[in-house]
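These are the structures, in structure tokens.
First chain A sits with chain B, and in the next complex the same chain sits with chain C.
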Partner chain A sequence: MKALMSVGALIGVVGLLMLIGMIFGVIPSNTVRLVEGYMPMQVLSELAIFVAGFAGLSYLLNSMGVAFPRFWQGILFWVFIQTYLKFRIYPPIPFSVRAMYGTVSFVAVFMWVSANEEDWKKFRQPILNVLDANTGFHKALRTMYLILLPLLIGGFSFLSMKPSVDEPIELRTVHPAPPASTKVHGKTYTLQTSQNPYRVNPEGKYDQEYSNKLIVEQSMGRLMAPNANPWDDKAQGYLKYVREGGEIFFQNCHFCHGDNLNGRGLHAFAFNPIPANFTDPGTIAQLQETFIFWRVAKGGIGLPTEGFPWASVMPPWEQHLTTDEIWKVILFEYWHTGYYPRTWD
Partner chain B sequence: MGSVTRTKLMSIMALGAMIGLLLLPILVAIPALANDSGSPAAGVKKEGGDAKVEKGKDVYYKTEGIVSGPPAPKTTDSEKDYPRYNFESRVLLWFANQQHLYYGSFVLAVPIFCMIIEFMGVVSKDKALAKRYDQLAYDFIKISLTAYSLTAILGGILIFTFLTLYPAFFQYLSSIFRPVMHIYALMFVAESGTLYIYYYGWDKMKEGFLKWIHLSMSVVLNVIGTVLMFLANSWIGFMMSPAGVDEQGRYLGNIWHVIHTALWNPLNLHRILGNMAFGGGVVAAYAAYRFLSAKTDEERAHYDWMGYIAMALGVSFLIPLPFAGYWLMREVYAYRQQMGITLMGGLLAWLFIIQATMIGILFLSTNYYLWQALGRMRGAEKYQRYIKYLVFLLTCGFLVFITPHTIVMTPAELKAMGGQQHPVLGNYGVMSAKNGGINVIITTTVLSFVWYMRGNKVSTVSWSKFGNIFMGCFFFFAYLNIILLAIYGYYIPANVRVGLSVPQVATTLSCLFFMFALNSVMMKGAKQMGPIEWGKISARSQYALIMLATAFTWMMGLMGYIRSSVRLFWHVNEIMRDNSPWAYTHTVGFAANMISFNVLFFWTTIMFVFWLGALAAKKAPVEAKAAVPGRAAAPAVGH
Partner chain C sequence: MSKFRSNVKPTLAIGAALGAVLFTTIGGGPVFAEELPAGFKAGELAPAPPADMIEAGKRVYFTKCVWCHGVDGAGDGPGADRLWPRPRNFNQGTFKIRHTASGELPLFNYNERAPDSGKNDLFDTVTHGLPGSAMPPWEGILSEEQRVQVLSFVTTQLVKDRKFTDKQESQTILQMGSIKPVEANEESLKKGATLIVDKKCIECHGVEGRGDGNAFNLKDDWGFSIQPANWHKCWNFRGSRQDPYNVRNIFRTFSTGVNGTPMPSFADNTTVEERWDIANFVNSLCERDGDGKPLGIDPQTDKPKINFVVPSAPIEGEISNDPENEMWKKIGRRYIAMGGQITHKPRNFVNRIDDIWVKSLYNEKNVVYLIQWDDRTKSVAEGKLPWAPTQVNVENFGVKEQAPKTGEEGSIASAQNNYAVYNDGIAFQFPIKWQEIPAPFKPRYLWGDAKFNADILKWEADGSLRSFKGTGWDQDFEERDDFEEKAKLLKAEWKNGQWTVMISRPLKGDKDDYDEYTRFDVGKYIPMVFFAWDGHNGDAGRKMAVSAFYYTILQPPIPQEVYIYPAVIAVGVVLLEGWMLTRRANKKKGKVL
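== the complex of A and B ==
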């Protein structure tokens, strides 16, 4: 047990030093790199390692007879979590989410330090000591709090009331709610039931399973499936339509959505928010193909009131593309990102 | 005829009367249902003496039917269709509706608890414990009796509010549900009659065969209550996903289609479970309040035990609730993609984040209570040192579960993020991760329960070491399976991903059922390290129970609002448009304030109900008092 905890302690100390080093630039910030695609699990795993490390450290200090006060354990652990969220994760997490995470971790720390009576007594003892002020030091500390607390509250109030020159928060929905049906080039499409006419098997029948086998691998390399190269001259049927969709994409869409479909096109940064990143699992991977068809056809301007609040400057592509071209470009987007359109059956 | 036989006869007659009351509305309804298809149909047009039958197509079932009712009225923003005070009519209706629903849920849930607890008392071999259970069930029903009158009063207020402020809409809805409207009213009569016989017959039927008759009455009572709720659910189901009418909203003569809409069954299940969890929470809060204000150890012991039982019952229904909610949302998406996206990715998405937060709070409060409860048994210290790891698991699950898909941020933050999608938050913000998150939370709650159940015991079975290792491995692989499936969900088509929730839920439920069963077997005849010292629990635990109840109440208000506002500007989705000046969606802030007001009002009035209940406190028999935990060492079966 002791050996295990010692290893834990070692990991905890090393991890903490590395994090501090990376924050202050002593150690290159890419020493332990967070890799896109693996980041969500990396973050959770790193936090688990830190928790194990701190538990080991606490155990070791206890067995050495230099117990670290529970009060400071709780407070410093919470500070650690906030530091980790603010400085370790890149791109930065918006304040609203950090505030949520901060509150949850605060509650978690409270639950931990008050889970049993003994721990709770240990945790609150320093607070009671200051309130009781039985020693000179505690008396001074209490007086200091008496002065500092109103000042802090006053300062906080001042800062929150001070007029700000920042742009206000603009609420918007990521996926505007679609209508039940949409009319494009004179034809009505029911979004719940319509299908992409080009997602077909060699027999010319709609077949999602067939097309699913031919999309690129979703993991990092985004490699093409064997014998599924749309740019092969011999490619026919589904793959041919993917190629045609790709051509349309690179003639019309990639300026904003980027040549890797990640929303970082040539003109992307002229907009805020930048165009949708199709490689993210939260965009086209979450939606029905008909939803994309409606969004592409109507653009930002054609969004209905149900979809409010939204922020999109995408042109209504029905004014520039034919219905067939829109379906083909959608086919390409799914093929290229390696995602499957949402279906309900 | 001896007096016992006469009582038996009377009891059987009372039970027969109850069943009669249950069947009465159905019998009365048969002629109405039979006439239904041939009722004076609006679609039957007489032209020169020849009746011409007009047919319409069901908007949902796509079947043809004879038009048997008027079309949905096309209302205008006028005093005629929307009479009003100098106040927002929708808010008044919201308030009346919510209060009626709170009380309705409470009085439907409590008799189910009574039934369960009374049954536990009847089958318990320990006489003292059986008495305690019986007294507890009686206390429960006593509380619900006053609440029942309030429910009826609030129901009346609700109908008057509808009639006064939304006459055109109410007239249309009642014309559609005409064949079952009176069944609903008669069910109320049956419910009242049954409840009073059940309550006032308690002392007369407390032994032997008569007790079983009494218990059967509670079953009848709950059947009536459930049918009542199902009927009420059919109205909201119709408003959200209408069926049995044509595109103009004309009734097509098939009442079953009107009732059995796309969302009716998921709503029924979700509401039953929700009511039970809510009822448990309210009773637990009542016990917590009495615990905190108790003057004697004996009282503290009793209310500690009552709070525990209510919490355990409530949580046992809370655990499957997210899965029922998942089914409901799946059906909503399948019914109308637009509705699903408005709820979870669109206009109401932030309310769903608040909902996720409330669900997290419920589970966190439950776990916290159980950890505190470990403190009242000797020998549980061995588990307490590992609580920090459970906190970590719960927190990770919670953080993932509440991560929003639609992030609130300033344009500067949006720029700094380099796009709308974040490589970490974006992944946490979707269903695959959230399924993993909630399953981790629930599995951890199950683990806390297992620890609690074995807190003061040491297994004496010969295979206890193997059993412990097996349980540890089972939980470890359950967590692993849940997390791996959550990750795998990103690599598969959406329809498969939705199906993936099944093995995740199965993993969680197998932890619940299998581990509970195994634990019980292992703990049979276990060595006790000490008794459960009822009443010797921290005050914090009782605040956790109050938190649990408040979170339940708030969440019910929130989810009701979400469900209702997803119709946007429709009274009846895509059939009858809301043309009142209030057909817009409130801001999140206003909605939250309104929900808080409703919660506050409910808790203020329920405190009054509790006070009334305490006024009429039944004196406990001497022998029952002697058995109150805290006086004697409470048996371990108390968990």
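== the complex of A and C ==
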């Protein structure tokens, strides 16, 4: 038990030191990388590891006879959560959201310290000690609090009332509801029934199962499946269309969506909303091919208002590409990310 | 020329010129070492990668790299013709960022997988990408194994004119690990400032290092025009390795040169100490914040972090037209990122203005924007432009976007510096009736739309400042002469590769309404978009650089309540404390209140 707890304690201390190091820039903040798409799970497991570490630490200190008062445990744990949210997570969470997490974690900590009568007594004892001021030390502490509290609260309210020029927060719907049909180059496409004319098997029939076998592999690097090279001279049908789609992508789309389709293209840093990251499981992997067709053909200007059509620099690609070229680019995007388009059934 | 022996201990070597002379006179060491430049040491050729690694790398290459670098690695993939700089042509074995002496092949060893070890140049290039070009960092996308694999394929199969294992090749390696840096103190910076003149750095990089010297005549090994680096934007240095303010990167590039470009290695005619002085000075020029600290770099973009608010500070009386005036110096500036206009034809795939810096002041009548941006060339069109200032659809006058597939001859890299020269320009827009559009709604970023129009002020390098109404991306502007008399160009100056333009506009039109002109209300966020044209890039009409939506806000003077309420709250807390203590004391005595 003790050995186990010691390991826990070690993890806790190392984790804390790393976090502090990152805050003060001693340790590069990318030492433990937050991987895109997996970040929520990573954050949750990191926090779980920390909790286990703290439990070990507390147990170890207890057995060494230096008990850490429950009062300070509660407060420090809450401070830790806040610090973690502020400094660990990138891109930074806005203050208002952090305040929400702060409230939730405060309630959680409160429930923890007041779980039973005995714990609650332990927790509030230091507060009562200060209030009663039976010893000289507590008296001094009480006087200090009496003076500091009004000053601090007054100061905080001054800072929050002072006019500030923070960035306004604007929440945008990334995938707005699509229309039933869309008209591109004079032809109307019903989103429910249209199909990518290039997702075909060697017989020339629409065949998603066939194309699914030829897309890149969903492992590190997302490399092409062996023997499914679109650049092979003999590549025909689906794979040839993938290559043609890729050519169009690298002549038009990579400037924003990036060479790896991760939304980190040459111009991406300048724009807001940032270009979509197709490798994120929350974008094209969640959507039907016809939805993408509508978004590509109509671009930012064709978005409904919740998608902020005024701010998006996504071109209405019907101005630049033929319908066939748009379908081929979509084919390429699914191939290159290794995702299957969602189907209607 | 003083030279270091390969056997000189690094701790002694830092003594620089003086020490070097001393040791040469004492003698000893291998004979060939005499010819090595200071700080370098002869290295050995790395072993050839095994065949299975090359085969695995082919799979990586044809998934990720072929799209720009091409089937034969000649830098002619489908994406190449719209890129500048063009993707690397691997065939000649010419690579820019190295630890090896000028002209030599870069370091590549398939066994060396620690990033930034200084022992594997190509691995670091793939890991960190080449900022300022389309080459992205592949770290986190390709595993270390995959990066080594693809490099095994490139170095053995696509580098065709040379062989990494050829005994004729030499590897003379800059000893970054053992060379001690010179501290960037005042003395070193002063020496550096003199040296960049003595060593003729400024002939290409310009007097202030904005890359504006000799900006037209430089060509790379393939005949494509090339620009000297702008030392004020270290995050765009190809060799910055995602660590732009690290002086070691500059020292390395300066010591080894950039193969395939006119940038030579200065290892032969500078001492190690001199190179540190120059590197320190160049590094000191990179843009910093008001306290002189490096700008925060966004790890997702490797560019400075962006704040989307452009505050305007209140001032009493006249606003000075001198950027060096105290009132301008004491307020902060904001970094505005600029991307190419790639939404509508003619798209601008290569925008040479990628950021601008903005400050703003206002008084009871006017709001003034001080805009500064780096532009290597001052461009003023010769004669009258063939289109009216209000015309935005100028494709019929030869302002066209780059065709997707042209071959090298017609590519965007070949076209650079061969464009018809138009006017440099800067413009910004506000919604006219922003009061009626609740946030986050806005008129479209590209010159408004039919329902909500944009109030546009545009300055051009011919000296004009015009006021337009924009009603859509493809709608010609409506010029508004009456407002032009009130908007004022306070300053427009191009100096050493930088434009400084100061534009004043009234807070409102003649009347108190906002039917025709944007009315500036204090303390309100007003959407703002910036546009920039580089005349030597053939920019005109919609071929331009554009920003995202920013907000400008006239900062209100601090109202009195801000001082009163907190004091009231503090008194309230004191009363609360008193009540709590009394209650506790009473409870202890057994009384209940």
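We take it that the second predicted complex is superposed on the first by the 274 of 345 C-alpha atoms of A that agree within 3 Å, B and C clash if a C-alpha of one lies under 4 Å from a C-alpha of the other, contacts with A are read in each partner's own complex, and residues count from 1 in each chain.
Heads up, the rule we're going with is that a contact is a pair of C-beta atoms (placed from the backbone, for glycine too) under 8 Å apart; a residue touches a chain by one contact, two chains touch by 3 or more.
Remember, it's a predicted structure, so these values are computed and weren't measured experimentally.
K.L.:
Looking at A:A115, would you say it contacts chain B, chain C, both, or neither? Reply first, second, both or neither.
P.N.:
A:A115: touches chain B, not chain C.
K.L.:
Figure out whether A:I93 sits in contact with chain B (first) or chain C (second), or with both, or with neither.
P.N.:
first
K.L.:
Which of the two partners, first being chain B and second being chain C, lies in contact with A:R264: first, second, both, or neither?
P.N.:
both
K.L.:
Give one of first, second, both or neither to describe whether A:N272 is in contact with chain B, with chain C, with both, or with none.
P.N.:
The answer is both, since A:N272 touches chain B and chain C.
K.L.:
With the two structures laid over each other on chain A, which partner does A:E167 touch: chain B (first), chain C (second), both, or neither?
P.N.:
A:E167: touches chain B and chain C.
K.L.:
Mind working out whether A:Q288 is in touch with chain B, chain C, both or neither, as first, second, both or neither?
P.N.:
Once the two structures are laid over each other on A, A:Q288 reaches chain B alone.
K.L.:
Tell me which partner A:S105 touches in the superposition: chain B (first), chain C (second), both or neither.
P.N.:
Once the two structures are laid over each other on A, A:S105 reaches chain B alone.
K.L.:
Should A:S194 be classified as contacting the first partner (chain B), the second (chain C), both, or neither?
P.N.:
After superposition on chain A, A:S194 lies in contact with neither partner.
K.L.:
First (chain B), second (chain C), both or neither: which does A:N229 touch?
P.N.:
It touches chain C, and chain B stays clear.
K.L.:
Mind sorting out which residues of chain A both chain B and chain C touch, each in its own complex?
P.N.:
On chain A, the overlap between the chain B and chain C contacts is residues 36, 91, 166-168, 170, 172, 262, 264, 272, 308-309.
K.L.:
Contact residues on chain C for chain A in the complex?
P.N.:
Listed in rising order, the residues are 59-60, 62-64, 66-68, 71, 77-79, 81-82, 133-136, 138, 140-143, 146, 298-303, 306-309, 311, 337-345, 347, 349, 351, 354, 404-405, 439-445, 449, 523, 525, 546-549, 551, 553, 555-556, 558-559, 561-563, 565-567, 569-571, 573-574, 577, 580-581, 584, 588.
K.L.:
Name, in rising order, each residue of chain B that touches chain A in their complex.
P.N.:
333-334, 336-339, 341-342, 345-347, 349, 357, 360, 364, 367-368, 371-372, 374-375, 381, 384, 387-389, 391-392, 394-396, 398-400, 402-430, 432-433, 487, 490-495, 538, 540, 568, 574
K.L.:
Which part of chain A faces chain B closely enough to touch in the complex?
P.N.:
By the definition above, chain A touches chain B via 36-37, 39-41, 43-44, 47-48, 51, 55, 89, 91-97, 100-101, 104-105, 107-108, 111-112, 114-117, 120, 166-180, 191-192, 208, 212, 218-219, 262-264, 272-274, 276-277, 280-283, 285-286, 288, 291, 306-309, 340-345.
K.L.:
In their complex, what parts of chain A are in touch with chain C?
P.N.:
Those in contact with chain C are residues 29-30, 33, 35-36, 90-91, 128, 131-132, 146, 149-151, 153-155, 157-158, 161-163, 165-168, 170, 172, 216, 220-224, 226, 229-231, 246-252, 254-256, 258-260, 262, 264-272, 299-301, 305, 308-311, 313-316, 319-320, 336.
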